[in-house]
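Just so it is clear, A, B, C, D, E, F, G, H, I and J label the chains in written order, and each chain counts residues from 1 on its own.
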Amino acid sequence: MSRLDVTEKIIATKVAKGIQWGDVAKKVGLSKEWTTAACLGQMTLDARQAGIVGEIFGLSDAEQKWLGVVPYKGSLPTQVPTDPLIYRFYELVSVYGTTFKELIHEEFGDGIMSAIDFKMDLQREPNDAGDRVSITMSGKFLPYKTY
Amino acid sequence: MSRLDVTEKIIATKVAKGIQWGDVAKKVGLSKEWTTAACLGQMTLDARQAGIVGEIFGLSDAEQKWLGVVPYKGSLPTQVPTDPLIYRFYELVSVYGTTFKELIHEEFGDGIMSAIDFKMDLQREPNDAGDRVSITMSGKFLPYKTY
Amino acid sequence: MSRLDVTEKIIATKVAKGIQWGDVAKKVGLSKEWTTAACLGQMTLDARQAGIVGEIFGLSDAEQKWLGVVPYKGSLPTQVPTDPLIYRFYELVSVYGTTFKELIHEEFGDGIMSAIDFKMDLQREPNDAGDRVSITMSGKFLPYKTY
Amino acid sequence: MSRLDVTEKIIATKVAKGIQWGDVAKKVGLSKEWTTAACLGQMTLDARQAGIVGEIFGLSDAEQKWLGVVPYKGSLPTQVPTDPLIYRFYELVSVYGTTFKELIHEEFGDGIMSAIDFKMDLQREPNDAGDRVSITMSGKFLPYKTY
Amino acid sequence: MSRLDVTEKIIATKVAKGIQWGDVAKKVGLSKEWTTAACLGQMTLDARQAGIVGEIFGLSDAEQKWLGVVPYKGSLPTQVPTDPLIYRFYELVSVYGTTFKELIHEEFGDGIMSAIDFKMDLQREPNDAGDRVSITMSGKFLPYKTY
Amino acid sequence: MSRLDVTEKIIATKVAKGIQWGDVAKKVGLSKEWTTAACLGQMTLDARQAGIVGEIFGLSDAEQKWLGVVPYKGSLPTQVPTDPLIYRFYELVSVYGTTFKELIHEEFGDGIMSAIDFKMDLQREPNDAGDRVSITMSGKFLPYKTY
Amino acid sequence: MSRLDVTEKIIATKVAKGIQWGDVAKKVGLSKEWTTAACLGQMTLDARQAGIVGEIFGLSDAEQKWLGVVPYKGSLPTQVPTDPLIYRFYELVSVYGTTFKELIHEEFGDGIMSAIDFKMDLQREPNDAGDRVSITMSGKFLPYKTY
Amino acid sequence: MSRLDVTEKIIATKVAKGIQWGDVAKKVGLSKEWTTAACLGQMTLDARQAGIVGEIFGLSDAEQKWLGVVPYKGSLPTQVPTDPLIYRFYELVSVYGTTFKELIHEEFGDGIMSAIDFKMDLQREPNDAGDRVSITMSGKFLPYKTY
Amino acid sequence: MSRLDVTEKIIATKVAKGIQWGDVAKKVGLSKEWTTAACLGQMTLDARQAGIVGEIFGLSDAEQKWLGVVPYKGSLPTQVPTDPLIYRFYELVSVYGTTFKELIHEEFGDGIMSAIDFKMDLQREPNDAGDRVSITMSGKFLPYKTY
Amino acid sequence: MSRLDVTEKIIATKVAKGIQWGDVAKKVGLSKEWTTAACLGQMTLDARQAGIVGEIFGLSDAEQKWLGVVPYKGSLPTQVPTDPLIYRFYELVSVYGTTFKELIHEEFGDGIMSAIDFKMDLQREPNDAGDRVSITMSGKFLPYKTY
């Protein structure tokens, strides 16, 4: 058994039972973004969270233990993702990557936006010309220091 | 002469004269995100915009014409970016890619968030534990349709 | 069970029973292009469509549910396809890629042809010198906008 | 001097003089698709065609000779194109590749659509919901034979 | 079941029974080159051919049907083959690739040698300094045309 | 100066003067295949051969010396060639690679066809259905031995 | 002019004048590790630091300004470094990567060792069996948090 | 059975029983760094060590024998690791690689830091601004010699 | 069943029974280098050799037949090997590759050292500063010839 | 100026003046293997050696200084070398890599053959069936140790 096995079981159960990520998140009591990433094998759950997730998806004790193990992260099978939805995010990094860099350095100096001390929120943004996906990201700025 | 030559001249002039992207954007009258991407060779300027940018960076008429040519986009030299600031965005796609996919499909059904009908805003978010980078993205949802 | 398992079952049943994609499409009531892509695991079916496809290929209820899950798209095992028929399409992108770009920009300005709001039709074109494959593609033009 | 040098001169002259591919094609007396591909270094011109193109772009005799040399084809700098417009075509091959394969084999048997005995036409398709790009491709079917 | 399964069964049976490709070809009534490629999963057999091959290798009806399905072609596990015998052919393409190109264009103009309308013959060529492998390839020349 | 510089000068001179590889080969007194490969920087010329080639292409003494230096071989810019003519040869290796392997081993046992002790001949093969490219390759069989 | 040009000038001047990194660091008043990385184009210098480095390596004002620009980081020309000294560090990541992961998670829980809030010290460690390289790294632990 | 099977069993047992690497190391009587690497399939255990590890993880005699076989080393599934914790180490090699090289050569001359005659120690470093990961590496310097 | 299955059985049996390659070679009556390569699936055994190896490792008749089939060669899972022992050989090719080329050409002219008509011997070389690995390789020189 | 520039000058001078590596080695007083590698930019020369090499190839003082700088090693432009002579060595690593590993571990236990504390000798080995290339390598065995 591995974390991957547990992730696959969660996904299969979700399809079979028609479970919604939003409902899982409400029961766990955290954001849908973090909860979904955790169920997809990218985050680590504590015992209470694993218990709730385990009940929803019918996981054994052994499987719940795996939810508490820090996973080997990275959810994509190739360096450049082939799925069109995910590729668009890769394209944003490709097209706007140097823009992110210039503007963050102009505002903060040398350093990065943390992808660890990070949270995000994804919402539907109603719009007459067609609804939009709105994503707000917030990551701590970490400065390079001299030493 | 090519668009790349013009981009390199803009960057070199920015360093030499200490120009700020925010100031360029104000003169162009558009967001700092779009303006910076355009100056870095990722967007296409109309004649008025090219004239303003040309004046700021001392571009010749020939160079300004290149600003109006649609560039071959993609600002990164490798499939996986090596620069730590840009890599963190790649890492977000890698770690959260399947989460983006699940949540957008749960909300909207099959389709993508457009990276073309797209805008974004990058701001400093003051925080006692260290200021944060806040990025708001908005992209039109494009549904797959049957035919 | 996964979407891939269902796709493999569909393909195996097609071979065993000698089913034609054209016939499947007629029963589903949609184009053979969309229907084939859906059966090959690249599109998402609604309940009615999944029911028809399920009946044709003898899929269980659980398998039909998977047809309604948005798949991780991308049907090729390598970045450059090795199969000669599919490679020729890759070659067209390689040889004519910059031509597509120049002509679309000349006609429409900066933007792209959508691969999502997209449909196509593939037909036999009789010809004395040997019949031809005729493909008509139609994708919405999506303009980059300033912001 | 090389074919690449001539291509770059053609592109630079096009930008400087504001030449349109459609006008070049009319003067050459061929389609805008073939003419553009030829000017971008992917096709071979005969002496008459090279003379017309040479006059439009101010090419020397030596440069015109290069237009008559069969080029090393392939117009993209990477296996997976980064430019969003060109990437969408790559995505179509990725998502619909196996569909192309199935439908062509269902109609014609084992073989390929030629990318050599091939022509195409790209047009604006007016549409109330936003104009569309329409591309018609026609390639000779080439059957595998036993021997 | 898939075409790959059938190919593996053919290979395993060949080893177990000591079958020779040359004998298979004689029974099929075609060249050993085409017959071997077909048995290795690269060509498509008609019902008669599949029946003969099926008898030789003890294939079930279901397995014989798979021989009639057009396979996803390409027989190598990596872009650059590691097997020394096959690598030497890759090396010939690498060392002589531009020579093939120059000489075919010099003789025929712009176009290609078809790999579809193609046949070949592989023979032992006796030689006092050590016997040689002699391969004769014949592919139709396909010219690029203007349009 | 390097061998590559000399190769580029030879190619440029060929275009400028309209030289034919066949004529060069006749003057050198060797096959057009070897002579073309040598002029393209893949083979090593002796002093007499370098003198003849040097005279045809107007090479200096220093440049002629480089023709006598063993080059770093491999004429393709990428692992998988993008040029359609050369790609077809790569495709033959991909599709027929395992067939070459099986048939050579069936005839000769374990070993390879040498790509060094190798020669080839490329000819036009007249054909009512369209002329064909005929290539005859001959390489010494080199057996693996036990030790 | 670019940061890369300045880096190359620094290296060339170092060789020509026999400058030692340790001496540069002392004049700058910072560690030899940070100072060397900065001179090699991986860190950003403030005006005072740039002035000192500029004096040592004879940099113009324009060149000194480039030292204050945040560089595109990543000092290696390939994903897997070929240089034996640098490769050994890559090998440590390869062999010990999962060990780093297990032990840091065992001690700290889910999170990472920062490569930004990071410093290191490299020393000679005398040893009778041959002196050793001793490297001490210190990076802030950054925990993943739920949200 | 293979070494990989034994590694997977060790990891699964660790999760199921909640074993700590630190405790395993104490029982083996060696550092937690070496012991963890060994349990993860990167080092070779002698019979005594394999016996202790085997008892902790419930390994059969056959499985213990595999712990004594030198493994094929390298613990990462891709050239560039996707896991954020491990990637940071890769990033250090990328950003500081040339710095390591310069400083070791300045101190020792041409040669490398051995990754074989190597040991390391990983500790928590308490810090008011957030605890840090401290890693001390010690590798023998191996000089290149003339011959 | 495949050759790979037989190789894996040989390796597993070797570990289980503590068999030494040197002893296998003695029984086969050939060098330990060739015998080991053969057992690892890189060489082809005749019936007598397969019988001896089969007896040592408890192989069935069917498995012994596979030892007589020419394998698809290449023993490494990646283009650049990750295992430190094997990587050092790759590094020798990388660092000394051009030196091999220069010295062999200086001595022999244009051609190669055969990797087929090749043998080698690996020995322990006692040395007070630490024993050494001594490898003697002997490959036939194969000259390129004109034709 | 860089080490690469000096290497290119050495190679160009060698061709122009017809210098032999063997003669350079004699004047330097070291092996032809080390001397050639050093001249090709893979080893570091001391002042005396650089002086001798500088005189032979007409290097300036500045160029001689670069010979004393430790180079970024690795002499091949691609991960898999395309040159046939060098490829054969890569092929030996590929085919015999696991054999090297097994036999060195059988003789010495876990560890590697050093590629740093390494020397080699390349000789012509006369043989009636065609002369052979004989290469003797000697590298110190470096054992992994527990800690």
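As a convention for this text, a residue touches a chain if its C-beta (ideal position, glycine included) is under 8 Å from a C-beta of that chain, and two chains touch if they have at least 3 such contacts.
Keep in mind that what you see is a predicted model, and the values were worked out from it rather than measured.
Peer 1: With residue numbering as the guide, point to the option in A-G, G-H or A-H that repeats D-F in over half of the contact pairs.
Peer 2: A-H
Peer 1: Centre to centre, by mean C-alpha position, how many angstrom separate subunit D and subunit E?
Peer 2: So the centre of subunit D lies 31 Å away from the centre of subunit E.
Peer 1: For subunit A versus subunit D, what separation do you get between their C-alpha means, in angstrom?
Peer 2: Whole-Å distance between the two chain centres: 41.
Peer 1: Nearest whole angstrom, what separates the Cα centre of subunit E from the Cα centre of subunit G?
Peer 2: The computed centroid separation for subunit E versus subunit G comes out at 53 Å.
Peer 1: Counting only residues that touch at least two other chains, what does the list for subunit B look like?
Peer 2: As it turns out, subunit B has residues touching two or more other chains at 33, 72-74, 76, 79-80, 82-84, 91, 94-95, 101, 105, 111-112, 114-116, 142.
Peer 1: Each pair of chains that touch: what are they?
Peer 2: Pairs of chains that touch one another: A-B, A-C, A-D, A-G, A-H, B-C, B-D, B-G, B-H, C-D, C-E, C-F, D-E, D-F, E-F, E-I, E-J, F-I, F-J, G-H, G-I, G-J, H-I, H-J, I-J.
Peer 1: Tell me, which parts of subunit H touch subunit J in their complex?
Peer 2: Checking each residue of subunit H against subunit J gives 30-31, 33-34, 43-44, 49, 70, 72, 101, 105, 109-112, 114, 116-117, 119, 142-147.
Peer 1: Tell me, which parts of subunit E touch subunit I in their complex?
Peer 2: 8, 11-12, 15-16, 18, 78, 80, 82-84
Peer 1: Within the complex, which stretch of subunit B touches subunit A?
Peer 2: For subunit B paired with subunit A, touching residues are 20-22, 32-33, 36-37, 40, 42, 73-76, 79-81, 83-86, 88-108, 111-115, 118, 120, 122, 124-125, 127, 129-142.
Peer 1: Which of the residues in subunit J come into contact with subunit E in the complex?
Peer 2: On the subunit J side, the touching residues are 80, 82, 84, 87, 91, 94-95.
Peer 1: Per the contact definition, I'd like the list of subunit D residues that touch subunit F in the complex.
Peer 2: Spelled out, the residues of subunit D in touch with subunit F are 1-2, 62, 65-66, 69, 72-74, 76, 79, 115-116.
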